[in-house]
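We just call them A, B and C in the order they show up, numbering each chain from 1.
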Amino acid sequence: MDLGHLIQSIPFDQVLVQTVNGIVTGMILALVASGLTLIFGIMDVVNFAHGELFMLGAYVGVVTLAATGNFWLALVSATLVITLLGALIHVVVLRPLLGRDPLTTILATFGLSLVLQNYALWQFGPVARQIAEPFGGHFQLFYLDYPWYRLLIAGLSGAIIGGLWLFLKYGSYGIWIRATTQDRVMAQAMGIPVPLVLTSVFAIGAGMAAASGVLFGPLVGVNHAMGLDWVLKAFIVVVVGGMGSLGGSIAASIFISLLEAYAALVVSPAQAVIVSFVVLILTLLFRPTGLFVPTPK
Amino acid sequence: MSARQPVVFWTGFAVVVALLTAAPLVLPEFWGRFLTEILIWGLLAMSSDILIGYTGLVSFGHSAFFGLGMYGAAAALISVRPPSLWLALPYGLIAAAAVAAFVAYFATRLRDIYFAITTLIFSQIFYVVIFTWTALTGGENGLTFRRPPLAIPGLFSLRFTPEVMHWFVLAVVVLSYLVLRRITRSPFGMVLQSIRENEARTRAVGYAVERYKMVAVMLSGLFAGLAGVLYALQNQFAAPDFVYFLVSGEAVIYNVIGGIGTLVGPIVGAAFFLLLREGLSRFLTEFYLIPVGIIFIAIVIFLPQGLLGFARRWLNR
Amino acid sequence: MSPAVDASREPLVRVEAIHTYYGKSHILHGVSLEVGHGEVVGLLGRNGVGKSTTLKAIAGLVPPRQGRVLLEGQPISHLPPHKLARLGIGYVPEDRRVFRLLTVMENLRTGLDRHGVTKARKQALLDKVFAYFPVLAERRSQAGGTLSGGEQQMLASARAMMLEPKIILLDEPTEGLMPRMVGQIRQIIEVLHSEQVAVLLVEQNVPLTLEAGQRIYFMEKGEVRHEAPAADLHVGDAVIHQYMGV
C-alpha cells in the first residue's frame, strides 16, 4: 500500500494520542539528555555511564518504595543517593584524568558502565522490578483512558529542567559554573574552586539521570539493562541538539520522540528506533553542529 | 616504535609463532580452541588499534565490521553449494568494507568524541537492522551453517579439524600482523601517527586528513571483517549479538589493557582479558565483569600505556 | 611616585630560582625576583624570554619544577591557583580574558562572591570600583564580550580588585590597545598603588614601565639578568637597548 493510503488509513485521534505520548517521552528523554549535555558542555566529559546512573536511580527508587511505600520519598532518595554516587565517581575516577586525553574519560566511563551494570545484575537479578505509579486515575483522551501520571512526569521533567536553567542563570554557583565553562583557567585565577565545581556539575547531572529513572520507572520495568537504550538515545539527542546546548537538547528530545511516536503507528516499536538513527545521519550530513543551534559563522 | 634490534624482534617473533603452532598438539581440546579464539579476537583488537593507537580515533564501530564479515561469510556458505572457503572470505571482506566505507564517509568529518559516539550509533543501527530483518538474517536466532573444507580445487581438500582450523587462523593472523606492521611503518602509517599527535598541524602541512582517516577506517574495517569471517568459520554460526556495540567495546578494552599503538599489545590484551574472564567466571559466574571492569578502569588511570607499555618501561630500567 | 619601599621588611612576594618546563622545553632557568608590599615593579624583556611564564608561575598556573615562590614568607608554589587567588594574588592576563558571555556585573561577582565578606563590604568594593571606572557602572548589564579593548582591560583589572588582593600581576596591559589608552593603563596602576596593592608589571612599553614602576627587572633567555631603580633609568639608555633590542 502506498504512502498516501497509509497515512489516510491512520485514524486522526491515534495521531493525537501519539503526539501526547511523544511529548511525554520527549520530556523524560530531555531530562536525561540535559544531564548529559550539562556534563559534556561544561566538562568536556562524555559520560558513558550516564545510562547506568539512570538505572541505579530507578533501583534505589524500587528499594525505597518497597521500604516506605511512598513514591515521592523514593524519588527524593534516589536523586540524593545517586548525586552522591556521582560525586564519588568524579573524585575517584574522573579527577585523576583531568587534563589528560579526552579519550581516557570515554574509556573510563565505559568501564564504569560495565561495572555498574553488572553490579545491578548481581544485586537485583535479571528479573525486572516494578515501580508503582504514585496515583492512578485516567482522563479521557479520545478513545483512550490516558493516565494522569504521564502528564505529571512530563510536567515534573519540565520543572526540573527549568529549575536547572534558573540555577545556572542566577545565583553565585550558577556564575561559577558558567565561568568555569567559558574559561577554566581564568576561573581558577579568580578564586573559583574549579575541581569542586566540576565534581558538583557531574553530581547534578547524575542526580537528574536518577530522577528520570524513578519517574520513568512506572512506565517500563526496571532492570539492569534499561540504561543502554536511553543512553544511546540521549547521545543522539545531544549530538542532534548541539553538544553543550541545553535548549537544543530539549528541542531535539521532543522532536525525535514525536517522530518515533508517529513512526510507531506504522512500524513495530523495535523498528521505530531507526527514526532517531536516520535523524542523526541527516544531521551529520547537513548540520553537523546540531539541528537546533544556529550555525556558527 | 621501540628501539629493539631487528634480530631480537624477529627471533622473539619466530619463537612465539612456533609455540602457537605447536600449541593445539599439546593442549587439551578446550584450551586449543580457546587459544584459537584468542587469536581471532586479537585480530579484531589489532584492527581497532589502527584507529585508536595509530590515528588517534576511538571507534566503537568495530562490531559492525566484525559482524558483517561474519554474516557475509555466512551468506556465502549458505547460499552457494558446495560451500567454498574462497567465496566466504571475499563475501565477508566486501561486506565489511562496504560498511566501513559507509561509516568512514560520515564519521571522519567528526573529531574524537563525536566520532566515538557516531560509530557506536552506527553499530547499533546495523544491530537493529540485522535483528529485525528476520527473513534475511534469521533475526535473533542468527544463522548456522557448516564449515567448508580447506580446499584448493584440483589440488587438495582438508577437513577443518580443530588443529587445522587453528593453523589456518594462526596463518591468517600472523599474515595480517605482518601486513599491518608494514603499513604502520610506511609513509602512510607515519601520516596517521602525525594525525594522532596533532591533527591541525598535519592539515596545515598539506595532508588531506579526511582522506587518510577514511582509508584508516576502511583498513581497520577490512581486518575486523576478516576476524568476523574467521569467527564464523570457527564457530559455524552468525548472530546479531556480535554486532552489538559491546563487542567493539571489548575490542577497545583489549587495546587499552594491552597497550595501544603497538599492534601486539591488543593481542596480549585480548589474551589477558579472555583468560581473566575464563578464570573469574569459574568463581563468580556472570559477575566477572565487575572485577574486570575495575581492573580496566585502574589501567586507564594508572597504566595508560597498557600492560605492554608498563612491561617495556620496567624492562628499560 | 610614592617613597621607596622599606627594604627591611620581608618582601610580599619572593621568587627563588624557579625553573619551569613546557613538555621537554626548559622555559625558566632559575628566575629570582622580589616584590615588596605596595611596590610597583616592572619586568621588561623581549618577546619570548619568559616574562609571562614568570607571572603564571607566581599565580600557580604553571607550577615550577624547581625553586620556590613565597608569599609573605610562606611557600606557595604547590598550591592550586584558586587557593592563591584567595590568598591575595590577583592575575590580569594578556588579552584580558574577561568572561565574554557573562555580564560586567557577573564578571565582577566571580571575584566578589567570596566567603567571609559581608554584604556591606561587597557593596563598598563595588562602589569603589565603579567610582574609579564609571564606564563599567554604565555597562554593568552588558556581556563582557561586547566591551571595547580598553573597557575590557578596565573590567579585567576591576575584577582582580574584587579579590582585595595584596598583589596584582599585570601581563602586558597595553598590548592590543590604541596608544592613547596607555594613559588609562597608567591610571589603573595608580589606582592600584593608591590602594596599597603591589603590582608586578610585565610590559613591552618601556616609557610606561619606567614612569609607573619603582624598580625594574630585565629578563633574557629565561633568567633575570639585571635590576635597577626606575629613577636611575631613562628611555634610550644602553641597558634598555640591550634587553629590549629596540
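In this text, contacts are C-beta pairs under 8 Å (C-beta built on N, C-alpha and C of every residue); 3 or more make two chains touch, one makes a residue touch a chain.
Predicted model, so just to flag it, every value in this text is computed and none were measured.
**Q** Find the most central chain, measuring centrality by the gap between its CA centroid and the centroid of all protein CA atoms shown.
**A** A
**Q** Would you mind checking which chain's C-alpha centre is most distant from the centre of subunit C?
**A** Here the answer is chain B, farthest from subunit C.
**Q** What's the distance between the Cα centroids of subunit B and subunit C, rounded to whole Å?
**A** Those two chain centres are 55 Å apart.
**Q** I'd like to verify one number: the distance from the centre of subunit A to the centre of subunit C, where each centre is the average of its C-alpha atoms, in whole angstrom.
**A** 44
**Q** With centres defined as the mean C-alpha position, give me the subunit A-subunit B separation in Å.
**A** Computed value for the inter-centroid distance: 32 Å.
**Q** Subunit C touches which residues of subunit A in the complex?
**A** Spelled out, the residues of subunit A in touch with subunit C are 172, 175-176, 178-179, 182-183, 185-195.
**Q** Which residues of subunit B touch subunit A once you look at their complex with the stated criterion?
**A** Per the stated touch rule, the residues are 52, 56, 58, 106, 109-110, 112-114, 116-118, 120-121, 124-125, 128-129, 131-132, 249, 252-253, 256, 286-287, 289-290, 292-294, 296-297, 300-301, 304.
**Q** Provide the residue numbers of subunit A that touch subunit B in the complex, in ascending order.
**A** The touching residues are 40, 44, 46, 93, 96-97, 100, 102-104, 106-108, 110-112, 114-115, 117-119, 121-122, 232, 235-236, 239, 243, 268, 270-271, 273-274, 277, 280-281, 284-285, 288.
**Q** Applying the document's contact rule, which stretches of subunit C touch subunit A when the two form their complex?
**A** The contact residues of subunit C facing subunit A are 59-61, 80-82, 85-86, 91, 93, 97, 99-102, 106, 109-111, 113-114, 159-160, 163.
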